[in-house]
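Each of the next two complexes has subunit A plus one more chain, namely subunit B in the first and subunit C in the second.
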Partner chain A sequence: MRQLLFELGGTRAVAEMHDDVVPKTCDAVWNVLPVEGMAIHANWSSREIMLHLHGEKILRLPPEGPARRGTTAPGDIVYFWRSPQMSRGKQLAYSSEFQRELSELAIFYGDPAGGGLAADDPARSGRDSNLQVATLFATFIDIPKEFAQKCEEIRHNGLQRLVVTRLERSR
Partner chain B sequence: MTRVKITLGSAEAFAQLDEKDAPKATKWLKEMLPIERQAMHSMENGREVYVVLDAPHHVEEENQTIYQTVGDLIVYYKPAIFVKPEWPRHIRDILVIGFIYERDSAIRSLSAPLATNLVGKITEGIDALAREAPRMRREGFGKMSISVA
Partner chain C sequence: MSDQLDPHVLSRKIRISFPDDGVSAVADLLDADCPNTCEAIWHLLPVRVKAIHDIWSGHQLLVHLDNTFVLPPENVLTYLPLPGDIFYYYRPPNYFRGSPYGRSESAEIGIVYDRDTRPQGPRGPEAVSLFANISSSLEGFARACEDMIYRGQKDLLIEKLERAG
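Let's turn to the complex of A and B:
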């Protein structure tokens, strides 16, 4: 399994990709690494931070893997794409590039993770509409407490730089 | 009708309390005012900003709705895990007062819509709140205060 390193505010967390389940999504994400940017906290999906993919790193991927309905768990890392018309209000917290269409890595760091909240909301459940793609492509091996705390701090203190790189161990 | 002033960071707005349809909740709220607390952004409801209240007695259900809209001033018991990273011991929900500042919002429990007491409507300054709340999401949250205008 390929591994990813997440660095946030001096803390680190390692995730394993689900190459065996969603190989195309894993390849696509792997090929745009490293990615970095200012992570923002979710306002819908509970304990989740988002890293928007911008410029040449934007990914527009089709759905892959088993349908997911209401089962997002702490530690899950999801490739997420949202169609431009999905959100009706202004997205002033995001830079102008992401106020309509959105392509991001969604990082679920704690309870209650977001999928459960979306389970009764068809527009947010992914496969039932063309409004979004949400593919679980990696999971943290464990979530260090300091890393989760940094994620929570984004909610209260504002954006923090997040860097995601390939973790390539010497053999 | 009682008019209240809401400030969030540098933004200022005014709301009319709905004393006709929510007489008990608005009476209770007026006795609580003025309040100033650390503002928080919801992470489960869309565009909602709220503060945690300390109230020793239970606030009754009154003038409730699950169809919150922009400008609603609402009081309800929020599942504690949406406020704190872990369930606090012996506490499963926390009393909050908040407002909706933008579309794409709906107050939720852990798995379904959550009914909230509608205690007032913001009549002036919603645009200022709708700019200040996203700014705070990016730069960090400050205080929110509510007082009789």
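Let's turn to the complex of A and C:
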């Protein structure tokens, strides 16, 4: 499996792609790497940070893989796309590029719920409407505590730069 | 004549401010619906606390009060609040597995600043005690709330707004 390196505020975490389950999504993400930007914390989805894909890096991918139940586990990384007409109004907290359409990597850094159920995200309802795509494509390998801590600190201290690169294996 | 007066004119009012931003809003206490909570909050004021943006509920802030500030539920059928609604919420120790916001026990005030919000914790929606509603300057206050998504937590001052005369 191909691996990804996530660097956030001086911490690192390594994820493994699910090439065997969602190969097309993995290929598409792999081909736009490296990507970087200011990571933003989720407001509805629990312990999740997001990296919006900018400019040439924007991905508009079709759904792939088994239907998800809308739940996540700590360490899951999801490709997410939302069409411009999906949500009411604008996301004024986001830059102008993302107030309507959204293309992002969603990184679930901690226990999403006390009982294992992710909190509902009203902005992400309508999964069967083809107006949005959410594909689980990678999972962290033993997510380091300091990396998770940095993710959580975004809520307290504001945005942090996140860099995602290919982790090339030595032969 | 008194029953024709606007209840907002008669209600006790509080001011909610971000001192560092120079932004504030005024809220009416809902004494008729939530008298015990309103009374307790009124006597608690003023408070200056760190506000943090919620991560489960949508367009909502919360502030953590001292855990000894425990009030019984009152006026709690508030799963779908309106913009400007302000509520009190308490969860006892170990109510949730883990420690949401680093706290196993929490007494909180929540402030809803836009639609598409539902007070909830890790296990889903939570009923909260609705005790006040912002009656003026919500728009500018909401922008300062939303700004916390980018900038992180902010100092929040909640104080009594005494009537002149």
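The rule we apply is simple: the second predicted complex is superposed on the first by the 155 of 171 C-alpha atoms of A that agree within 3 Å, B and C clash if a C-alpha of one lies under 4 Å from a C-alpha of the other, contacts with A are read in each partner's own complex, and residues count from 1 in each chain.
By our rule, contacts are C-beta pairs under 8 Å (C-beta built on N, C-alpha and C of every residue); 3 or more make two chains touch, one makes a residue touch a chain.
Here the structure is a predicted model, which means the values were calculated and not measured.
By the touch criterion defined above, A:Leu159 reaches both subunit B and subunit C. When both complexes are overlaid on chain A, the residue A:Asp111 reaches subunit B and subunit C alike.
In the overlay built on the shared chain, the residue A:Asn43 is in contact with subunit B and with subunit C.
Legend: residue contacts after superposition of the two complexes on their common chain; A:Leu4 is shown touching neither subunit B nor subunit C. On subunit A, the surface patch touched by subunit B in one complex and by subunit C in the other comprises residues 40-48, 88, 92-93, 111-112, 117, 119-120, 155-159. Those residues of subunit A that touch subunit B in the shared complex are 40-48, 87-93, 110-112, 116-117, 119-120, 148-149, 152, 155-159. By the touch criterion given at the top, residues 52-60, 96-98, 115-116, 118, 120-124, 143, 146-147, 149-153 of subunit C touch subunit A in their complex. Every residue of subunit A that touches subunit C in the complex is listed here, in rising order: 40-48, 88, 92-93, 111-115, 117, 119-120, 122-123, 154-159. Interface residues of subunit B, counted against subunit A in their complex, comprise 40-48, 81-82, 85-86, 102-105, 108, 110-112, 130-131, 133-141.
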